[in-house]
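Submitted below is the structure of interest, expressed as structure tokens.
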Amino acid sequence: MPELRRERLRVLAVEQVGPYSLLRVSRGMLTPGRPGQFFMLSPPGRLLPRPMSLCLAPPGELAFLIDAVGPGTRALCALAPGNTLDVLGPLGNGFRVDVRRPLLVGGGIGVAPLPYLAEALGRPPALLGFRSEHHAQAAALVPNAEVVLEPTYVTEPLAPVARRHDVLACGPEPMLAAVRELAPGAQLAWEAPMACGYGACYGCAVELDGSWKRLCVEGPVLVAA
Amino acid sequence: MLLNASGCLDASTAPDVARSLDAFVTKTVTPLPREGNPPVRIAETEVGMVNSIGLANPGLEAFLADHVPRLAELGVPLWVSVGGFSADEYAASCAALDARAAVTTLELNLSCPNVDEAPESAAQIVAACRAATTKPLYAKLAATGDLAELARAVADAGADGLSLVNTLRGLTLDERSLRPPLARGVGGLSGPALKPVSLAAVWVCRRATALPIVGMGGVASGRDALELLAVGAHAVALGTVLFADPHAPARVRAELAAELSAHGFAAPADAVGAAHDRVLAASV
Amino acid sequence: MLLNASGCLDASTAPDVARSLDAFVTKTVTPLPREGNPPVRIAETEVGMVNSIGLANPGLEAFLADHVPRLAELGVPLWVSVGGFSADEYAASCAALDARAAVTTLELNLSCPNVDEAPESAAQIVAACRAATTKPLYAKLAATGDLAELARAVADAGADGLSLVNTLRGLTLDERSLRPPLARGVGGLSGPALKPVSLAAVWVCRRATALPIVGMGGVASGRDALELLAVGAHAVALGTVLFADPHAPARVRAELAAELSAHGFAAPADAVGAAHDRVLAASV
Amino acid sequence: MPELRRERLRVLAVEQVGPYSLLRVSRGMLTPGRPGQFFMLSPPGRLLPRPMSLCLAPPGELAFLIDAVGPGTRALCALAPGNTLDVLGPLGNGFRVDVRRPLLVGGGIGVAPLPYLAEALGRPPALLGFRSEHHAQAAALVPNAEVVLEPTYVTEPLAPVARRHDVLACGPEPMLAAVRELAPGAQLAWEAPMACGYGACYGCAVELDGSWKRLCVEGPVLVAA
């Protein structure tokens, strides 16, 4: 088991990207890890930390793209430069990047891990689905991205090309389920509520091979069977 | 003495954290493997969290075969938390664990709020286990009902110590949907909301019995640990705080040392029960 | 419907506050006058407060002679909280109150943590009172033990409603002296720490019985009130929050109205039990 | 019963007076009440409000002299100009000021209500006891004050003159008990932990005529029997 590193990091900036916030913190002694790995961020005033995929890893920084959907993410997005933040990670299993014909697929805030992944893979093509133009501003973080907006789903442009690519996807559960049908063998980054992120709480149960497993230990990236 | 609370740390995913404790306590082991409850299993509340893990565990056989040998290598005393659905099940597990030298203490989980309870009373279960093992037996209780009476009953039945407290029944609602996030609706409440309750439980049991007590429930700082010692705990366990901070043991230890010296205690043992002594002194 | 929690408001020192409620609930009245416990009787904790008032009250005779006539003039429905140390005492008080037209409802305090309990079970006490009065009887319970079973038992014994929850046993220590500020050490824990517990209690009892429920425990905002309605309460009572803010009823009412419309409920009654409906819908 | 008035007031200043803090807030629609009456101040972040005697009532202001002895008083003393503070009052029964030969007696932070009382009584003589020179700086708030420092107790200068005056006193319990012996009929301002300050909680029990009474309703100023 790799050592668990947790550090109090300094907030450098919180930038608006459409409806999302890009939270940039100083890296401290933490390492960015592999694309698809995640960190546990402790929002001020909340008991439990929140899992966030690494979005970007500029020199000396870690950056997270955050959708403010509840109390924890709201508190993270309300941080200001100069504030500090406790961060644990990197955690979990990221994407394998030894793939030959990568195609990134993202839906909504599922775009979060793709910028860092795209860099690792040499800027492969990407298909991104969003709810609106406003949300689609996040596509600017991903090179070579084709954007589709609802009511069109990202699975529509994916269907004809899926089997010609090694698909790496992140997005809402229904999207991942659809991608799994179209692209067996795809690497999918799942979500589950997590209290700890390092295997301690058994909270993040997902069904895998017919039984409940801890997503933070076995995933969050899993290969579609 | 600093432990983890059962179900709040997995030594295989965080061995360094387990080694930073004075004893490692396993998640509750039941005779048969359990998948646990369906998700969602955890949710934050305003001043704590609720969980309905439902005793997910590999079952006694796999635990004995695969886990005990690995846990033995940790190099810290090993407490095994034992669960079951009848006194016989508890006793059979204790008998099987009795043979394992690596296991130092058995903690009987008599109070999981997320599964059905055994039909027998806590004291009957303790008595059955007492007959099955010579290892130290700790009875883990929740803070409900007449705790003083319960503590005396399990002491009479042969318990060597108490672990106080397990979670309370709690519920929280999702901000927008107004639905309970937990699939089972109700779960076990842990974290800061529990601290006054665990202090009261330890206080009451300290007065009711002479058993050593592992205090837990909402401990997040050295001050919290000091308070549990002061009301009568001999050791303190960390639960929910480990989720936010795997390095909490080292921090709590350092903070506790500072608190002890600030309050004029040379050693943790000197603080044990101090809140009682002072009340008795004051009422003379 | 908004009430005060028993023991958390005196209509004689704050008549305007009492009048701002949909019903006023008295402090628990016992057959004989009680001085209550010696001070210190209250202390703040991190997320709540502990009290050991010990049912200070003028006793039934003075209550009937002096208090009821004055309370009748308030112009809001009057709930009398009844306490005792045996089923006979409870029943005798109910019989005496039965004759008073000004009294609309009797709430049986079956769960004070600060005094000794009656030897009879809650259901036996309710049955004895049922025989003594035709007025609506609410059974006030604490969140300990098997609440579903207890709720069914008091329903079968003739209770017309439930008041949930009374305080839990809690303790806090003085920052510097490490002594419990309360003279009795342990007290009743109320306030925000109790909210997840009261939500769970109402949720469980709503599933166990069809009785109307007055929900309380840690309500400080309209959102809290909405949550209690959503898990199944028909009315909500304010306790500890009144100590910080005597005008809490007006504020909570306004906030609740805003929350109701934000969640698409036309009236409070539409929100009652909504958290259950949605779970059932989701699991189809 | 007078109406209960509670209002969110603006903090104007927090001034150091020896070890104490003089918290000055805008008065809003609240009235200062009679000397010896008190207000419940809600410290930010705490569940329960804290009782504080009115110390001074400059035009448009209310001022409280606070000894930071615990979490509540620390939070009050940490307030800064521009912050707001919920205040309920005036509450309780103050001093009767229809006395002929007033003598004020204060011990420690018990000096708090005396400045306002001194104004109402036309600046009568005062005897103030303090633990140290540092604490005694608060004596500057009381006109015509004679100060004694520990180990001398205020009862020493009081003893010879007590029966020639109408004594009005505030201070720690042992001091009040001693004053009661020296000056039967003295008006004494007592303390007890209070959760509500307006008769709702029965927390502030004090023994009076052989039974427990609510100090916030019957007092805090009581006439020594």
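Note that the chains are named A, B, C and D in the order they appear, and that numbering of residues resets to 1 at the start of each chain.
Just so we're on the same page, a residue touches a chain if its C-beta (ideal position, glycine included) is under 8 Å from a C-beta of that chain, and two chains touch if they have at least 3 such contacts.
The shown structure was predicted, so the numbers you read here are calculated from the model rather than taken from an experiment.
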Groups of chains joined by contact, in the absence of subunit B: A | C, D
Given subunit A and subunit C, the chains that contact each of them: B
Distance from the mean Cα position of subunit D to that of subunit A, given in whole angstrom: 58
Length of the line joining the C-alpha centres of subunit A and subunit B, rounded to whole Å: 35
Separation of subunit B from subunit D, taking each centre as the mean of its C-alpha atoms, in whole Å: 47
Junction residues of subunit B - those touching two or more other chains: 45, 47-48, 192
Chain-level touch network, classified as line, ring, star, complete or other: line
Every chain pair meeting the contact rule: A-B, B-C, C-D
Residues of subunit C touching subunit B in the complex: 45-48, 50, 143-145, 147, 168-173, 177-180, 185-186, 189, 192-197, 199-201, 203-204, 226-227, 230-231, 263, 274-275, 278-279, 282
Subunit C partner contacts - residues on subunit D that touch it in the complex: 1, 3-4, 6, 42, 46-49, 70-72, 86, 88, 192-196, 198-206, 211-212, 217
Residues of subunit B touching subunit A in the complex: 7-10, 12-17, 27, 35-36, 38-45, 47-49, 51, 53, 56, 175, 181, 191-192, 240, 242-247
